[in-house]
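What follows is one structure encoded as structure tokens, with my remarks underneath.
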Amino acid sequence: MELLVVKEGRIDYDGSAIRSHWAYRNFGILGNSLVVFRGKCDVRVEEMIDIEDLRQSKEIKSDDMVHYIIEVFDLVNALFASTLQKLFIAKLCEVLEQYGVKTSRKGDDIYVNGKKLSISIATVSPVSVKIHIGMNVEAKGIPAGVDAIGLKELGIMDIEDFMERTGKALVAEFEKVKKDSLKVRWAQ
Amino acid sequence: MELLVVKEGRIDYDGSAIRSHWAYRNFGILGNSLVVFRGKCDVRVEEMIDIEDLRQSKEIKSDDMVHYIIEVFDLVNALFASTLQKLFIAKLCEVLEQYGVKTSRKGDDIYVNGKKLSISIATVSPVSVKIHIGMNVEAKGIPAGVDAIGLKELGIMDIEDFMERTGKALVAEFEKVKKDSLKVRWAQ
Amino acid sequence: MELLVVKEGRIDYDGSAIRSHWAYRNFGILGNSLVVFRGKCDVRVEEMIDIEDLRQSKEIKSDDMVHYIIEVFDLVNALFASTLQKLFIAKLCEVLEQYGVKTSRKGDDIYVNGKKLSISIATVSPVSVKIHIGMNVEAKGIPAGVDAIGLKELGIMDIEDFMERTGKALVAEFEKVKKDSLKVRWAQ
Amino acid sequence: MELLVVKEGRIDYDGSAIRSHWAYRNFGILGNSLVVFRGKCDVRVEEMIDIEDLRQSKEIKSDDMVHYIIEVFDLVNALFASTLQKLFIAKLCEVLEQYGVKTSRKGDDIYVNGKKLSISIATVSPVSVKIHIGMNVEAKGIPAGVDAIGLKELGIMDIEDFMERTGKALVAEFEKVKKDSLKVRWAQ
Amino acid sequence: MELLVVKEGRIDYDGSAIRSHWAYRNFGILGNSLVVFRGKCDVRVEEMIDIEDLRQSKEIKSDDMVHYIIEVFDLVNALFASTLQKLFIAKLCEVLEQYGVKTSRKGDDIYVNGKKLSISIATVSPVSVKIHIGMNVEAKGIPAGVDAIGLKELGIMDIEDFMERTGKALVAEFEKVKKDSLKVRWAQ
Amino acid sequence: MELLVVKEGRIDYDGSAIRSHWAYRNFGILGNSLVVFRGKCDVRVEEMIDIEDLRQSKEIKSDDMVHYIIEVFDLVNALFASTLQKLFIAKLCEVLEQYGVKTSRKGDDIYVNGKKLSISIATVSPVSVKIHIGMNVEAKGIPAGVDAIGLKELGIMDIEDFMERTGKALVAEFEKVKKDSLKVRWAQ
């Protein structure tokens, strides 16, 4: 899994990055990839993946987020997508713990003191598994009714360094997952 | 995913429970299952799944362990097996956290203060994904050279309750993973 | 497989219900589902799934039909879709037999005395298997040249009860199919 | 799907024909196949596929049966195996109907007047789907406690012709299933 | 795999033939197919499959080409698509060798004396593997900067015969591949 | 795909190297691999993969061969195995061409002047695709009735260099196949 941490400039997330081959089309990264970038979040209704959100006409918005776009080509399956997503969220919680932040994970949501830090979606394209994770840098521009929190409020001020560390941690996790899948014989 | 916590009696783990349909053959549980039981661990060489262990002639042993045997029929794939395994290990760490135990996860290993609490393996049979997780109740009967720790040393004395709580937590995690995989539309 | 029999009001079938997640989007039913409803049938050309029909510019129409929309997420494969479709059609014939109606099944078509009672299509979306079955309540509004028959002409007057009975029968069939797939060991 | 109806001599069924490539190893038939033959049935414990039977120490026996061994290589999946099995059983019931025999299908079992006419199992090998169906020619040598019936008691005396007709019907059904799976466009 | 060599008239290739079921929609050919035809090539941007070409704004053009459109339904997987494509290209080189033309294959490109003879793409639809191969009849209308060559310059003047021979060779290759996949037992 | 060319010592091929994870068990190579080695060939009946050979009681023997053992974990499918095998054979022919040897490929067999140079088999294990290719160094110890030829008779005397060159060529071919599978968008 190739890692790209975009440090120069902002990229706003409107949901279209969830499409297949986004990393290759935009950055020339072939194969499994994790692109970490920073920017606004405002998902257009036609790009919404979570039908539960669509049914409830939810807004998915934040003024400033760290975004993670993952694409894996090894296996096209929604259950695998959902499992990998939760593992990545758990890993992010473990990294936050290293920053001294005590988190509570509920499936694919990260909470700190009952406040929502992140959003996430996992699905399949016809050729890959795609995951988006967004973490508030500051809890601004969040839809009404959502009690949110951001990285800065948690004392994480060096966002670039955070992007780098979390990006590396997720890639290392995936490489470990993959390696372990190759070193076991099958069971009867 | 059906949960069975075996509270009466001990079941020793010799590695054969990693075979497909073990839960159905032994307990009549059909389909996805998690069986939690307690007993010795002494994996016979012919049942060893981890070829790395085989190559190094490692012993896999403990006098008293809580064992988790998971079988999932939805998807037969080693990468999925390895991913689900890591997620389950992360979940167990989260539950241990609720007990006040600070853990460190390295892939599928749980460490507490640098001491090894658990062993685990994930693989496929021709019809299912199979995962074994074993957690020391006490660090006895461990192979020489392994610096191990057990639940009791961590202050977790009510092992039955621990089996129940962790069993429920893993099943709830899987059900959330599955539910989320069904509520998303595919991406282009 | 969750069953929903829509008894209040009519839902016309224009073909769009064949898309993935229709049951979840419209009724909040997550996962495998069978929705039974009653309404007109007039499939728009852009929703036609059967390319043979498209090539022959066939019309797919009826003034009053019982509709079955099935979605299965376990396995995304067109051969499986086609097999499950034929099994469901065979099951419907068996239920009709209980009503004293002697049917003749030709693949996915049900005939009574040489007259066509039903239409059906089975295909895949990128995340699921989808099947539509429509059975004439009355043989009205049928394309010219099709010698059709309806449930009422066969003496089945309580359509709601028929929808309920057939819906339950199809779900029970699927559950049996699934259960049996889990209780067998693999063969060498 | 290639059909072979073995008319010369008897072949006893001990369960080993459920293994992959049985038709190719024994008759040189490459690819999807249906072999119909006649002989005793006495399934050895080590060849039993149904774990439910194993758990109940059931015997699977009959002195004289028509056997159908199906192998399909298109898709290796237990749910598909179970679905195709039920469809084939339903088709056999439809053919029996043509003989004037009124049957009752319960999943993969055929009953006539509450008496059991058939046995069946469906599973996967690592490369194929395998199905066995056995139909009593006479209800002799059946395990105690099973109320069985045979084809001859139903007035079907020309067993060879029955083997031919049912064999052709099953192959035709499969070919229709396959053809239909190829003529549909995918749905969104 | 059914072969159709279109000898009457020209069919221009604009890229849309890469869509699923093109052979069935246009020629009524069900299942695996190879359609060989002759015509211009000018791939519209919205039909371009190779994202590398899209990123470089390449033109894909030729005034006169022999086109091969392959569709295989057995297995929907991009790695398989790419492997089959290379095998077909290698086979075309072997046939050209029979014409006395010495070729050099680089992946999916055929060169003669350093000049480009062919273009090709392989991908998946949600239900099939699709491959396009185009071979210049004459090196006319080629994008600037591409040093191309055509069949006529290689002394192959009877294009219809070439279409026939290569079409048969590719189909024979595929049938051999398929047959061999069915005659091997699985390995432990 | 990792390449290992075993230059020190001989390894005889008895067929057991076709089993899954052979390269990892014996050389510690994780994941996709190609191991090239030199040694006798004498396949034990119980290791024979080709059922056609088994049916004809063929012997598979040679006193001195270059062996290629390939394992690919990306996709477990016999049709893919057979396709990749043919592509690798075609590639070997292309390398032989560079040595000035004119070959004739028939599926997975290489002939030179009507004499058989190679043997090959491709199949699946439950977790991988496995391919064996063997090329005679000298045509000695070949089963009676087989008109064979070896590399030395073709003027290829530096066998180690040949092992190196062909090994690199096959790995490069696979990497190109894989890369191309990742750079294409899916087709409708």
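To keep things simple, chains are lettered A, B, C, D, E and F as they appear, and every chain counts its residues starting from 1.
One rule holds in what follows: contacts are C-beta pairs under 8 Å (C-beta built on N, C-alpha and C of every residue); 3 or more make two chains touch, one makes a residue touch a chain.
The structure displayed is predicted, hence computed values, not measured ones.
Pairs E-F and C-E differ in how many C-beta pairs touch across them, and the larger number is found at E-F. When every chain is reduced to the mean of its CA atoms, the largest separation from chain A belongs to D. Chain A and chain F have centres, each the mean of its CA atoms, that are 42 Å apart. A straight line joining the Cα centres of chain B and chain F is 39 Å long. Annotation: 27 Å between the Cα-based centres of chain C and chain D. Taken residue by residue, chain F touches two or more other chains at 20-21, 24, 51, 73-74, 78, 124-127, 182-183, 185-186, whereas all remaining positions touch fewer.
In terms of which chains touch, the assembly is arranged in some other way, matching none of the line, ring, star or all-to-all patterns. Chain pairs that touch one another: A-B, A-C, A-E, A-F, B-C, B-D, B-F, C-D, C-E, D-E, D-F, E-F. On the side of chain B, the complex with chain C involves touching residues 20-21, 24, 30-31, 73-74, 125-127, 179, 181-183, 185-186.
By the touch rule above, chain F contacts chain D in their complex via residues 51, 54-55, 78, 124-126.
Listed in rising order, the residues of chain B touching chain A in the complex are 18-20, 49-52, 74-75, 77-87, 90-91, 94, 105, 107-108, 121-126, 130, 173, 176-178, 180-188.
Across the interface of their complex, chain E is touched by residues 21, 24-25, 28, 73, 126-127 of chain A.
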